[in-house]
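Taking it in order: structure first as structure tokens, then the write-up.
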């Protein structure tokens, strides 16, 4: 259905086999290992995974927002609307950010500058990317705030962030992200800190605006339910690797990877009250010394010897891949010995 | 509302401080082994003369009575009479204060102009060579014994190379301009006395720099620390993610917020400035409060010491009041609540 | 920038406290007071003898209780008003009413009486031999009675006179920027020859090196308070003259005669023999001093050139100490930084006394504290410096040895020898100078044997001037006081 | 066993951190050097620092007298080395006294709260408003100039800084969840102070103290310079600079070397203080 | 006969000073809890749900004795906590234990695990170090920690393990009631499941009584027998969990449930969720607190609403429109 038409229109973001590490005192944290993510134009893609699995790092690496000198890219490429962002210098990135790709972060409380009025923060961004006079910029800002269902945009623009509630601030941030009509919006857990009622509003606003303007969205969350309501396609990450991806409904209805399955089974809403939940035993691996083979194998109930020695590769049909030996899809590749 | 909430407690504090300081210095002055009367009359003075001098100073009265009289006079702005110069202390302070203020303002100005950019650069290029240099300079400043630094500079620039004067506020032959503000730099300009202005500028360079250097170190360190704090705030990430230019982010978004905690520091720095000024003035024979109070202490001129201490503490409290107000202006959160 | 020919610039370390003759007791202030005021009598040239100034002539009655002065005519205050007997009376009344330090030079003054505008009578309560000398001191300056216009809260114009002048001297204080500079202008009504210097500027330059540089660069014509080492260095400069003159500024050490073991004359004598006087003079003073001989310095009449002088004789010192039977002596030397020589002298003393087995601890205190401790007799040994206020051995003998002046006033070693006290009191009460000298010499002989003080040295007065400054006359009574009125600057 | 491992790990970690900031290492080296000077002064110093030799006055630096000699012929190198004892000893005592007293008052004030707290803080405001140097000078003048008296004075004026710091720590720790938890278990204020507040408040206080040490070295020297601190013939850096001052023109070395010693020592303290602060900074920790 | 409830809260009001005049006297207040009454049966569990800032934590803190209250009463096993003094007070306090949301900050990072777990006993006094250590070991085993963990410091543990330490500590005094203030919201879902299982297991085994605070409706539905929905410091609806969450009667509960994300239902439309924020709790609204945001607001809502018993008698709702 929609997915097909969207894909034909080309790629917004193509991350190919991105590997990245943070060198530290006690060794390198291998934050990303061979991560590939594709986002088509006008598509809404979700990334789910536990805290620390590398969701934010992936997108921040793609937009060059990671702290300079603190990380090392060990492989892969990122193409944003055909431009390679990994090779850009800071000033080129500055032109790309906000214009081609915008990011909405997790904590609305601190994501706005506390000493600058909302209006100025918005118009600064608009005037940076659009050839707009101050009055034009103000008009654009006002319109987009109104679009975010903010009651009195004029008044809000004169206010400081601390005078707004969390939900309002997050809407301002969304407005800011959309203000220069970027082709891609990265929403990094934009609702985690908010109430469910507010969350519903925010999700709706992002969805409506994206659909209307044909903007692609990467939606990062650890809440599978939220992602299921919003996204066309879904990537599941575990310990810096993509373990499974596919169309949202397919992945949720028929999860292939044991991790995805376990993740869905441990949610209380799927179990009768007071019943024991199917918890995943153990804890996420330490990325400085990851286990051999599949990173999930120490916690996996189905693990076999192969899982303990070799990392499975993503394999499967176009648009629906799983990285698990038990699903068999990757066996042939392993036998060819492409990767230990 | 918010303003009164800040001002009123400060003014109450001011009363406390003045009273406290008066009590402390008064107590000290009465613990002192030296006899002020002997100081005035000379140490060969006969007992009779001493007695007379004591009577004239009111030193023969009970301590509590002396204190009440002192406080009573204080409330009328009378700080007593200097034992050494026989002039009203308030008048002496009025004479010497502008010189100190002029030196202090120039030093503060230099310190801010050098310290803030250095701190910003240091934070932005953290751990790089610029940072190492800036940190070394700032630590040097903080660790510099002002009195020694002054001596070295005098030796180099005045004695060796003879390019800058080493003492006083004006060159020998130049008649001081009429006193309007007491700031030579301003008074000379107001009266079109460019010779005096030039000379005043020359004279303030060395002491101004010496005094500025230490404060520059403190400012650099503070700005660096708060810039580092601010630069890793979420809103900076937001600004970066929206593609704002680096310069804009640093100066319009980060520095502004980094300055807020630094304002408090500025208050402290002003306090330090006073301490530095005392030393700098002695080295450079700068005719200000520092020289005055050091001489007063050496001669145990207690009315002068008390007067100075009280004025300095009032100044300290007022500066802090200003700092709080500035803080309030800079931080909308405090301003509007 | 070299100052103009008719302007003399004097650079010194500190601002004079005040310029009020009725209050000021430091030489630093005398510089101004002597320049701005005249007294009834004045020292004659470089000598310690006094001659006429405002007074043309004077007579005393036989008992020495009434002195009559005839004023010279033509002397005018700087506002043009004549100096008359009323002004003299006013000045002394004011001095005695203020009763601050300077009044102590007139312990017996009962009353000043105006006979007619040109004649004034002084009534004394008791004969006082040095009376005429005392009239040459700073406190005896004649002040224009008009200053009372500036009186505030009954202060006898003290606040105003603190930084203004109202006298008939060659100069008047034109302006005073505290801690910066004082400008003295010529007094147009001055009765004497018109001074060559139009203006005298006293600049306050705290740092020695700065003063020195200003002198060599010609910014200053005279600089004061130069350490001996710098004086040596300056001497090499041909355009500079280092004035080094024997003065009556003596450095001596009080030994507390009341406190064991210093109450034993033997111990004091032993200490007196243990000191390396010449070592101190050469090593610390670079030869710019000489060892004292008795209490009265060599420039003052009453000095006894044959008087006894302790020598550096360790053996004798040890023997005396053994005689005294005291051992394990531990003393404290309480000093301040008021005189730069006190600390090194203390160090030298420490080393010397160690040789005879006396341990000396150095205790540095604030100068005011030191004075207080000395005045109250709470010390073992303490250095002192003494200059005479007026030119009379009275300044030494009566102050140092009179048992009635113990503590602050002068007898700071708490020396109590009835015979000596009697001698010096008698010498103060008679007028005959020959007789007085005899009495003082006898008193010196007696007291030197008791060694109440350690007689260290008479220091030279040192300052430096540019060679172009001419006409300076040194007077040992007028340290830091210059005859600006008769000085000039010529190439 | 495990402890030992974690200690060596920690040392390794410290080494790693300081390698990242070479300035801290420089600071540490300076402090070690000064400590060495203090401990081993009699061994390093070539001469008795108080030995007067009137024949060897004001000699320039040479192989015999590395830093030259002073106006009574004492060896300046030896005096500078011995000076470390007076200067740094004084600074250390000042910081120690003001820290102990300040922390005590501050924690007490923070825990007790209410009127007592207000009264204490107002008093501290008064002390803080006193110009530090002047109070020091006044006290020194009152009690007589001596290193001890001016130390006392400086210590007094430094107390409020620690009171504020300790109180601030106490107040913020009091709001920490683990302290609240302790309260729900019925812990007394004393228990909380002993087990939770003091141990957790100590690190910032120690950082402050290290930084303060640098400042206090300067103040102690300044007081001696004005003549209110250490008294001659004690070899103390500030006093040495002060006596060297009048010889600046012809004998530059006299004031220069002791001044350098002050500068370098203060730098050492500040660098190490900065370094420790960075190490304890949780934000920098993980990276 | 019905056993006496472990916890009885009646008409509890908590307010905090919001601003002060220059003398330091409060001149306005935040009304965090406004007349809450509730009861928890022994061995039962009560869940409290509500938006952020509605006063859930404040309620918990008031119950546990961390937030002072002026009006109302909290009784644990029939004894009034605030009226108690000294030793008795401490013992009463130890009958209730709380587990906080953030396991990181609720543990002193300088104390080893065994000390942390046994802290309540240490405070109670009378135990030697060895006894405390032994006791800690038992408790640790009960929450699934191994003995070798006991000497480590908290930063060496993962979030889930830290929460286990906190739970072990809470159990150390055999409390009658455990207050759980969002015990899993700082944890990942996979770890959340472990903790939920642990808590349920402990309840089954030891008959613990829970007061669970959460904004996760699914969790409360799973975990609790009863539920109370809070809005602006008031309970707006309460009753058995399945009934209240399965068939909400109060409009607020309805909105809350509709907004909760789920796999089955699509995103609600903007009209359904209604944009609105929690009203200011400095100045409480008059009438029904929810009136401003309520889509069903009608005449009668201006009057203050009381809790009214619904149909079966087990449920209550604070809305005059809720069908009885």
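By letter and in written order, the chains are A, B, C, D and E; residue numbering begins at 1 in each of them.
We adopt the following convention: a contact is a pair of C-beta atoms (placed from the backbone, for glycine too) under 8 Å apart; a residue touches a chain by one contact, two chains touch by 3 or more.
No experiment lies behind these values; they were computed from the predicted model shown.
Taking the mean of C-alpha positions as each chain's centre, the chain lying farthest from the centre of subunit E is C.
With centres defined by CA atoms alone, the chain at the far end from subunit A is C. Annotation: A-E is the more contact-rich of the chain pairs A-E and D-E, by number of C-beta pairs in contact.
Annotation: 39 Å between the Cα-based centres of subunit B and subunit C. The distance from the centre of subunit B to the centre of subunit D, each centre being the mean of the chain's C-alpha atoms, comes to 23 Å. One inter-chain figure worth recording: subunit A and subunit C are separated by 91 Å, centre to centre, where each centre is the mean of the chain's CA atoms. Put simply, the C-alpha centre of subunit C and that of subunit D have 45 angstrom between them. Among the residues of subunit D, those in touch with two or more other chains are 141, 144, 227-228, 245, 248-249.
Residue positions of subunit B touching 2 or more other chains: 32-34, 127, 154-155, 159, 282, 298, 300.
The set of subunit E residues that touch two or more partner chains is empty.
Touching subunit B in their complex are the following residues of subunit C: 1, 3-4, 9, 14-15, 17-18, 20, 23, 25, 99-101, 103-104, 107, 158-159, 162-163, 177-180, 201, 203-207, 209-210, 213-214, 217, 219-220, 366-369, 371-375, 389, 399, 408-410.
The touching residues of subunit B, when paired with subunit A in their complex, are 127, 233-235, 237-246, 248, 252-253, 256-257, 260, 330-333, 336. Subunit C makes touch with subunit D in their complex at residues 207-209, 212-213, 227, 229-230, 233, 279, 282-284, 337, 343-344, 347-348, 351, 362-366, 368-369. Across the complex, subunit E meets subunit D through its residues 61, 64-66, 89-91, 93-94, 96-98, 100, 102, 105-111, 119-120, 123-124, 151, 169, 173. Of all the residues in subunit A, the ones that touch subunit E in their complex are 50-51, 149, 165-168, 194-201, 203-205, 207-208, 222-226, 228-230, 252, 262-263, 266-269, 271, 273-281, 283-284.
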